[in-house]
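Both complexes shown next keep chain A, but they swap its partner, so chain B is in the first and chain C is in the second.
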Partner chain A sequence: MRLDIKSTNPTSTPSIPSSPNDSISNALDKPRRGKRIATWMLFIVILVVCSLYIDVTPYQLFVGLPEMGVLLKEMFPPDWSYLPTIWAPTLQTIKIAVAGTILGAIPAIPAALFSANNITPFKSVSLPIRTLLNLVRTVPDLLFAAVFVAVFGIGPFAGMLALLFFSFGIIAKLTYETVEAIDPGPLEAMTAVGATRIQLIVFGVIPQALPAFISYLLYTFEINIRAATVLGFVGAGGIGLLLNQSLGLFRYDRAATIIILTLAVVLIIDNASTRIRRKLL
Partner chain B sequence: MSRVHHLRKWMIALFILVIFIWSMLGLDYQGFQSTSKVVSLSILKGFMHPDWAYVYLPEGEDLLRELLETLVISILGTFVSAILCIPFAFWAAANMSRLRVFPGVGKFTLSVIRVFPEMIVAILFIKAVGPGSFAGVLALGVHSIGMLAKLFSETIEGVDPGPQEALIACGANKLQIIRFAVIPQVIPQILSYTLYRFEINIRSATTLGLVGAGGIGTPLIFALQVRNWNRVGVILLGIVLLVVITDFISSRLRRKII
Partner chain C sequence: MMIELRQVSKTFPNGTIGLKDINLKIQTGEFVVIVGLSGAGKSTLLRSINRLIDVTSGDIQIHGQSITSASGSRLRAIRRNIGMIFQSFNLIKRTTVLNNVLSGRVGYHSTLRTLLGSFPKRDVEIALTALERVNIREKAYIRADQLSGGQQQRVSIARALAQEATIILADEPVASLDPLTTRQVMDDLQRINRELNITTIVNLHFIDLARDYATRIIGLRAGEIVFDGSVGEATDEILAEIYGRPVKADEFLDTSREMQVVGVT
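On to the complex of A and B.
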């Protein structure tokens, strides 16, 4: 049985053969099919060139896979006696994430208000702030952490600062988009009765934007808690430092304990945060 | 009624404040060294005068080549995960099997993969296959499965059941249904999600080198360790440019696809 369906048309049901339309659509399809094949060929060539360039070939995978198996075998059973030792660094990881998120959210509020076009009608103010936010968001948090470790020394403070910058960028962006989308009705009514700009923000903007803002705060916290678990790799505090040490000493059973605890913490916080966010919106 | 509501609001605010103070007290501020002001100034000076000579060195190991390696790692990592996640996506899609449990287990597996930070995956792969770009490609490939397969499975769940039913009616088998009724409907959305993941992966790829998994992160961490701020400045500039340019191209492509 031959199935006669044009894969380019997403919603096509099996077409009725022998209709005059069939030959027309075939003729129309021909150049498109050529273009499609050319696109795929280009794609494959790019992939092959890429894999040759950095010397990544399936052969290496076959060599590396048994090593992976050995590693996983050494991880089990995990060393549960290590759990009391890693409890304090895990709490520190959570603290880094909480402090970084909240401290980043505070400057994000004025930044969001100044870059929202309906609150700040001056392009000369909003444009530079938006550009700054875009720049901050292009730098991954771990790079921030690596730089701050060099400035402030090894420790959780550098990690907290890195998360602060990251949270600032993401919360401010999401919030100003929300502020721009709020209902203009109350704002107009308040302007009509002569409210000042501060009153406008406190009684018109904040009540409308607050649930979304808290939801973004929690969302960023979820991202930050994941980021905080690996900040230790560059020396910025948290559980990552111990994980790096255990791996360096080939104590894979301890590494497994750390990874399992981290996963549990992340899963619990994710679940709680998602539930609160669903309630908010 | 409104007083109860008010009380609850204040309780929540108080709770957040307590958590915040608790978290702030836990962090030691020995980080505020007396040297940090001097260091900050020298960093600023380094950023003002980037090490332009590092952009291209004839003997290799320069900024352009490292950035190219980062780009290649994220392309290959995205490709690997886009291939690997297809079976996971069909596994987790609720409309692809009659059992209720089977997709549920698939969804749980994906959320477990998602909570694994990619740095941890990268370190495990470095231990297994040695440091280098290969570990980075594998780390991105495996970590991205979690998110991509979830998005793919949601796309599959949203397909129009009409073509499927028509194919079943004329006696097509399971593979034929997937090939001719499901895949044509989901391809544009899947391509768009893959490009989106590529944008995320290029950011991750810049950090993979910090732990030794190839790319621009490795020279960055070396430059940070020897406090060569001019070089740090030019590398960070290169990273920002790379991310901005790939984001621009990728979002253009995504808009064209959908």
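On to the complex of A and C.
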């Protein structure tokens, strides 16, 4: 009996919207073209106005370009004798990134679980944590570093702490989105088995979300390695301090050595990490 | 009394009526098949028995204990006693078959113990015996997603066995399997029902399967029990009444019977 209602509905509804739909799309066609042109115009106007306000003009590019040549000339040949000196700070940079990423990833796990609506159905818990995560992610890593240098003093600890917060924000956010998208079937099965909430997480959630979590951890590590190289500019440890010094002392040959070594490290780590991540997913 | 439903009703938040004043008693060792159109409330009925769905009113008793009013560890203890088999198997795909079966044992251990992922030897033996009962012991150390659909469904049966459940609920257990494995899985369920005297309730949409395996057929229509009787009593006329229309060919697994039905209608 109920079926009758269902079967009449689909047949009667399509006939009505089909004609108005056509007229709506026709009516929309013309203004849409005008709108597109207007959007581009607005875009260009904003660009020009902004550039003028901050004195960004192609003129500066032409004037500055020869300077670039001078700089590059000074950089080569790089001062390879500087390599032994920068080896330790480079390693320190990597260590800062490793420690920051891992220590950030650990609290990211409970944060992700408490943010995911399918695991924590209480908005009173998930909402504050999500808000915190959003706040953490609005702060750039260098700002974190500058603040922590002010609090904990110059050195790698401040840098590590900056990366910790930064990693926590990203990993928790990406992970909770993954957790919300997992197959609910095994969770239902674990509930039916009589599992506690923690058992449900261990048996139903973690096996499903772990590969993605590790992938996010490596991805964040890639970002952190790059971020760690400039942490030294605000006194937060690593190779950035020496790079800043070399540039300040106009020792562009030394700066070149640092940049080349950093580039090599970043390339190797990026490559390895990408390979592992590809295998994981 | 194994399972007893008293005036159970379920109305979903969107106003849809899932169950309407269901009164039902199921005895130990019965093999009950619930038939009805999709949307008739078969799944809702099954899921309210182990409280994957909360009913709106009424009471459900398992072994004389009310699951509708239980909570916390008491609810989990009742659930532990009820194995569930799903249409989509609901295994943890990325882990081994054995781990999947062992997950049926978590209700017997403290959270802390299972957190470390180490089960006692006895549990591993129970799990392996369960796998043996469904003839896939040799797959114990293979990842669950490497198995065929029929094998995965048998793993989920083994999981229910590892629970040492006295009741098995199977929600369309063969809907995503081919006809041959369908028979094998149904045979497994029947064998377990007979050998271990496990009360079994199965939702099916294949009428011939229902007749072949059930000791009792319950017909649902629009959330109400419209038939409850033996296989012999569930004639084509009765089924047509349950379905609100003549039975169609695709409601039979075996296509050779399809001709008979067309003849009847």
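Operating definition for what follows: the second predicted complex is superposed on the first by the 244 of 281 C-alpha atoms of A that agree within 3 Å, B and C clash if a C-alpha of one lies under 4 Å from a C-alpha of the other, contacts with A are read in each partner's own complex, and residues count from 1 in each chain.
Following the convention adopted for this analysis, a residue touches a chain if its C-beta (ideal position, glycine included) is under 8 Å from a C-beta of that chain, and two chains touch if they have at least 3 such contacts.
Worth saying up front: this structure is predicted, and the values here are computed from it rather than measured.
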Which of chain B and chain C A:P186 touches, first, second, both or neither: second
Residue contacts on chain A - larger count, chain B or chain C: B
Partner chain in contact with A:T196 - chain B first, chain C second, else both or neither: second
First, second, both or neither for A:P207, with chain B first and chain C second: second
Which of chain B and chain C A:V48 touches, first, second, both or neither: neither
Chain B/chain C common contact set on chain A: 1, 3
Touching residues on chain A, where the partner in the complex is chain B: 1, 3, 5, 7-14, 46-47, 50-51, 53-56, 60-61, 63-64, 67-68, 71, 91-92, 94-96, 98-99, 102, 134-135, 138-140, 142-143, 146-147, 149-153, 155-158, 160, 226-227, 229-230, 233-234, 237, 240, 243-244, 247, 259, 262-263, 266-267, 270
Residues on chain A engaged by chain C in the complex (per definition of touch): 1-3, 183, 185-186, 188-196, 198-199, 202-204, 207-208, 210-211
Interface residues, chain C side, partner chain A - complex: 37, 39, 50, 52, 75-84, 86, 88-95, 103-104, 106-107, 111, 114-115, 117, 156, 159, 163, 222, 244-245
Complex interface listing, chain B residues touching chain A: 16, 19-20, 22-24, 26-33, 36, 39-40, 43, 68-69, 72-73, 75-76, 79, 111-112, 115-117, 119-120, 123-125, 127-130, 133-134, 137-138, 160, 162-163, 166-167, 170-172, 176, 180, 183-185, 187-188, 203-204, 206-207, 210-211, 214, 217, 220-221, 224-225, 227, 232, 236, 239-240, 243-244, 247
